[in-house]
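Presented sequentially are two complexes of chain A, the first with chain B as partner and the second with chain C.
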Partner chain A sequence: MIQPIVRTDVQPRSRRPARRGRLGALEFVVPIASGVLLFYLVFMLFPIVYTFVGSFFDWRPFQGRFEFHGLEHYRALLGDPEFYRGMRINLTFTAGVVIARTVVGLAIAMAIASLRFGAPFFRTVYFLPVVAPMISISLLWTWIYDPSYGLANQTLGLFGLPALRWLKDPDLALLGIMVMTVWKEVGYAVVIFLAALAGVPRSLYEAATIDGANAWNRFIHVTLPSIRPATAFVVVTSIITYLQTFGQIFIMTKGGPGTSTTTTVYQIYDEAFVLFDFGTASALSMMLFVVISVVTIVNFRFVSGRAP
Partner chain B sequence: MTSHVRTQAAMLLVLSLGAVVILVPFAWMMLSSLKPNAELVQLPPSFLPEQPTFANYVRVWTEIAFGRYMWNSLWLATVKTILMLYTSALAGYLFAVYDFRGKRLLFGLVLATMMVPWPVTIIAQYQQMLWFGWIGTYTALIVPALMSSFGIFLMRQFIAGLPSDLIDAARVDGASEYGIFHRIILPLSRAAASALAIFLFLWSWDDFLWPYLMLLDDADYVLPIGVALLQGRYEVDFGAVFAGMSLSIVPVVVVYVFLQRSFIEGIAFSGVKG
Partner chain C sequence: MRTLHVHLSRVVIALVAALLISVGLAQGLVYDTEVVNDGDPIVLEFWTPYYQDVFQSWIDDYQQVHPNVTIELEHQPWGDYWAKLPVALQSGRGPDIFGMHIAWAAQLAPLAAPFPFADEDLEADFTMTESNKDGEATKWFNLAVIHGGVFYDRDAWAEAGYGPEDEPETLEELMAIAHALTVREGGRMTQAGFCFQGVFRDMIIDLNYQNGLWNFDETGTRAVIDSDGVRESLAFMLNDVLGPDGTCDALVADDNWSGMAQGRIAMAYAWNWVGGWLNENSEVDWGWFPMPAPEGAPALGRNNVENTFSVNARSGEAEQAVAFDFIEFVLSSDERVLRYVLQAGGVPTKRSLLDDPSVLANPIVARSIAEGIADRTVYAGAMPVSYEAAYDRLRDAVTLEGTDVDTALAQAQEVADDRLDGSGFVAIERSYAGAGAFR
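On to the complex of A and B.
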């Protein structure tokens, strides 16, 4: 999926200060501001608060049950090895996809940027899977990984390599979903990096070359520092996105084989919408929320050297 | 000079290999969708269809009602996109131009909710839909999606950068605030709105879990649900799966190839440029 891009640090110049005195403005401000407030209170703030509250309750919507349960859900989760396993799988998936998407995305973008001709063609091709629906691409890759008829084993066969069981193999399934995710969404990073690379002044490279810098040194000392905001952007939005991955796992493995691809997010889905145990699901969500918040804050500090 | 040519050739080669990796799965999907089931499971596998047929598409269209799902997805995405565009422009104008008490707090609320992961809201939202009695209706898909934080933010940034003279002139001429919004702000925001429209439409087209949880009647399903249901045919009707996937992927890809400048500029516009 394409992530929303938001840079709150770029503030447009506020050129028009108060218009409080105008009566006409009130006709606009009061209804619109109330509308926005109402919408966000009902559909965003309330669900967040209610999920938090609900994590302390035995909450089963279809039995009409909502009874205070104290810290029971949290205690149960913290004593459950599956919880830690889910978190570990969630973090492994995220780390792998984020690193691969960033590194491969930058490599492809630099290769495209260096072309004398054909750059628009390659940009179009690499971005193509990004616009395709995730559910359909996940199903397509389930077929690619099919042990008997899939493209993956056919390709291995062409090179005389033995067939693999891919999504049916507990050791390979998570990796398989990671590869598919990078394949689908690396093009987004390519486009962001291409825009950033186009903004690096050529004179910087020329100056570095005159100073005797080789290609690697130019990359380390000119390219990387110049595209730092774009890198930070790709890394941070990717982390937030992939910590919440669901569609691919739902279509490709349903968390299996065994629990080898059961991330915390998949556990939340399972508790909430298969078992309809909203209390446990809420407690899991809150834990995930804490992890995502911590990772995001650390990341902003680490990557961009400033607070969000 | 020769080393430069060699570098170019190497880059072209590597990028072309990558392009093959991207394109082959799409080609394989479309070619497979034209093969009868027997040919799909034969060994050794064929790459080009030996007896091309549209029978898979006919089955997907008649037995699984893919036409219906596509239509549902199309009008739902259109309605949601138009509504969100309008509310984003209204709220964006509000935050860009007016000052009022609590503005910072309200805008902070809009931005903060963008950072909240979906698992944190979806459980209580489901409970809300139960209370409201909206489960099984499109109301559950449209009303909670009436506003987009991303859209509001984008439109606010854009409108704040518009020249103020036009607005001031209209105001001197005695235009009402809504008149200014509809006759001046909206037309001037077309560039930002079209970039935003592409995002909103794609998100809606892509959206799976919430419609999957909310819609109960087979006739109401949207395309991603139809595609997910194809899994039921996994072991029996391979051709239908390929045809269904192609139907859900190809239209988006075709639109993208024709509008790709707007797609990519939209990303550059909303992202790196701030």
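On to the complex of A and C.
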């Protein structure tokens, strides 16, 4: 008869589980989640709600005014040509930079991805401006664009071309800021697209080649669909970012010359911190919030093919 | 008869005594505080966007006399300062003492504490005390009066064959010299003969005053921009100076002082303080003369005041008391006020400094005092910075956007009306001594 094996080194189980570690992972998740939620409520939701409420008041803190104003700010803005001009400039800037950043970023990423060696070096080089402070880059490009001694006009002079007024020209100032912004930020798109391109199976390209697809066909029918989520990410995050552009405009042109670079965000700053009219600034902020939301949703559906 | 004589004598004696007593009472500021805050340690915060070296020297002097007091000075960039300061003061967390500028008086006056000094004592020592007030209360202090004029590069003048004896007295003479000094190479202006870069508004306002025109209406609450007078001034600026055959080009420099420092502008309309700036930031050997005015002009232009600082009305009682003691310590000392006046490059408001050799070493100030130039300029009051946007709009419309003058003036008028509405600003230009000669 086989005797059962009885282990004598096992401690008897107690009837109740140990108190320590009872909640398991929740002990870490709950405090962290609570902290994140609190942070979100205090620093994000509360200011948005406060701004929304303030937009219905004649709110001028330095004159001690906080009187209910109803929809007057919104009515005034919707009837103000300056508001539409600011929004048009905002949308023009955003559209131009988003398209350029996406297209140029993808082109650079594809070029780097095709390299046999040196890819990490070029990836780093293109990403360096991304991590540089916007203020420093804005100041640098202000010097580059200086009409009298800037590098831009010096370069034009080498080719016998006339000097341009760049940031002093109302027809060129916005374009100049857009070029600077793309130069600085394209590296971010490059890195995203490089990662996406690395995830496209080689077998798809091989199959397409066997089916007679040329390089362009492979790009259109294999590459683009495969990296669609990355493209959607780049486009949507770019839209949200550039609809709120402020730093480079504040440094480079202060909304000028004239009003040629006065975006809605700059108008908000002007209303709040030059005129100290917090009510109008709040209403402008709310309207920009609505525009950003609508544009983001529409673009997300268009680019990714599904709702956000 | 004898009784009448005695009576009259007594009246005269009483009047003389009253005069002597009043003079004796209004003896000016005298600093004799030995202990502040009962000798207990106290720390004050002081923010300023400018004159930080002068303010620090005052602080160092004060802390030597009162070692229990620590005043921490924080210098902030100009642009950020005027956005951050009102918000900080309003929130109750602002500095105890803050650097002040008259253009921001509308926002800052409600947040500043009134000085506890008697008007008579201040008036005994200083001129233009009315420019320190918010209503009836003195809430800041100006120590120098500045105004516009023309700076010129002596070397550029000499190269063109001009000397100090050729100083123009009329606009026509000025422009003749300006054209002679204007240099173009390959279609580009490499030296501007005369510019007003960066001071567009001040140029228009000065030309208006020279032509006997007020810049505000009778109520003092509405700026006069869309007017024939301004059209006339604008015509000179746009055609004679900035026109195709003019003496200045927008590409030459962003502002006059940088342009002069870089040798690109030979003559520039600018304000007094530019002299000190050029001395510190360039090698330019500059000269100065008042802006030429038409014969019989009732004024040479506008003046403004360089303010010192104010005290936070929301600071604690102890902090305010020490702050006011610090202010009295400064204002009562000729030597300390002199440091500020020399830095500002203006005519001192402290009467005792008007013949100080250091002050008179500044050629602008010496001439301004000797020829009474400052007295022939108009103080319009604490013009709010927000209404400058009207002139910026006008400038951009006519110089950059190609807008016709009539439309541009109408737009600028709208902006001015909007910005001044509700600001509480009332111009006091019509209290100018020569107001009778204005149209």
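FYI, the second predicted complex is superposed on the first by the 266 of 308 C-alpha atoms of A that agree within 3 Å, B and C clash if a C-alpha of one lies under 4 Å from a C-alpha of the other, contacts with A are read in each partner's own complex, and residues count from 1 in each chain.
The rule is simple: a residue touches a chain if its C-beta (ideal position, glycine included) is under 8 Å from a C-beta of that chain, and two chains touch if they have at least 3 such contacts.
Keep in mind it's a predicted model, so treat the numbers as computed, not measured.
Judged by the touch definition given at the top, the superposed model places A:Leu45 against chain B, while chain C stays out of reach. Of the two partner chains placed by superposition, only chain C is touched by A:Arg165; chain B is not. Residue contacts after overlaying the shared chain place A:Pro147 against chain C, while chain B stays out of touching range. Contacts of A:Ile292 after superposition: chain B is touched, whereas chain C is not reached. Using the contact criterion defined above for the overlaid structures, shared-chain residue A:Trp183 touches chain B, although it does not reach chain C.
With both structures placed on the common chain, the touch criterion links A:Ala281 to chain B but leaves chain C unconnected.
In the superposition on chain A, A:Pro257 makes contact with chain C only, not with chain B. For chain A, the partner touching the most residues, choosing from chain B and chain C, is B. Contact with chain B, but none with chain C, is seen for A:Glu27 once the two complexes are overlaid on the shared chain.
Residue contacts after overlaying the shared chain place A:Pro61 against chain B and chain C alike. Under the contact criterion defined above, the residues of chain A that touch both chain B in one complex and chain C in the other are 61, 148, 273.
Chain C meets chain A in the complex at residues 83, 86-87, 90, 107, 110-111, 188, 250-253, 264, 385-386, 392-393, 396-397, 400-401, 419, 422, 424.
Chain contact summary for the complex, chain B toward chain A: residues 7-8, 11-12, 14-15, 18-19, 21-26, 28-29, 40-41, 45, 87, 90-91, 94, 96-100, 102-103, 106, 109-111, 113-128, 130, 143-144, 146-147, 149-150, 152-153, 157, 160-161, 164, 176-178, 181, 199, 202-203, 205-206, 208-209, 213, 223-224, 227-228, 230-231, 234, 238, 241-242, 245, 248-249, 252-253, 256-257, 260, 263-264, 267-268, 270-272, 274.
Those residues of chain A lying in contact with chain B across their complex are 1-2, 4-10, 12-20, 24-25, 27-29, 32-33, 35-37, 39-40, 42-48, 50-51, 54, 61, 108, 111-112, 114-116, 118, 122-129, 131-137, 139-144, 148-149, 151, 154, 183, 187-188, 191-192, 195-196, 199, 229-230, 233, 240, 243-244, 246-247, 250-251, 265, 268-269, 272-273, 278, 281-282, 284-286, 288-289, 292, 296.
Interface of chain A with chain C (complex): residues 61-64, 147-148, 163, 165, 168-170, 256-259, 273-276.
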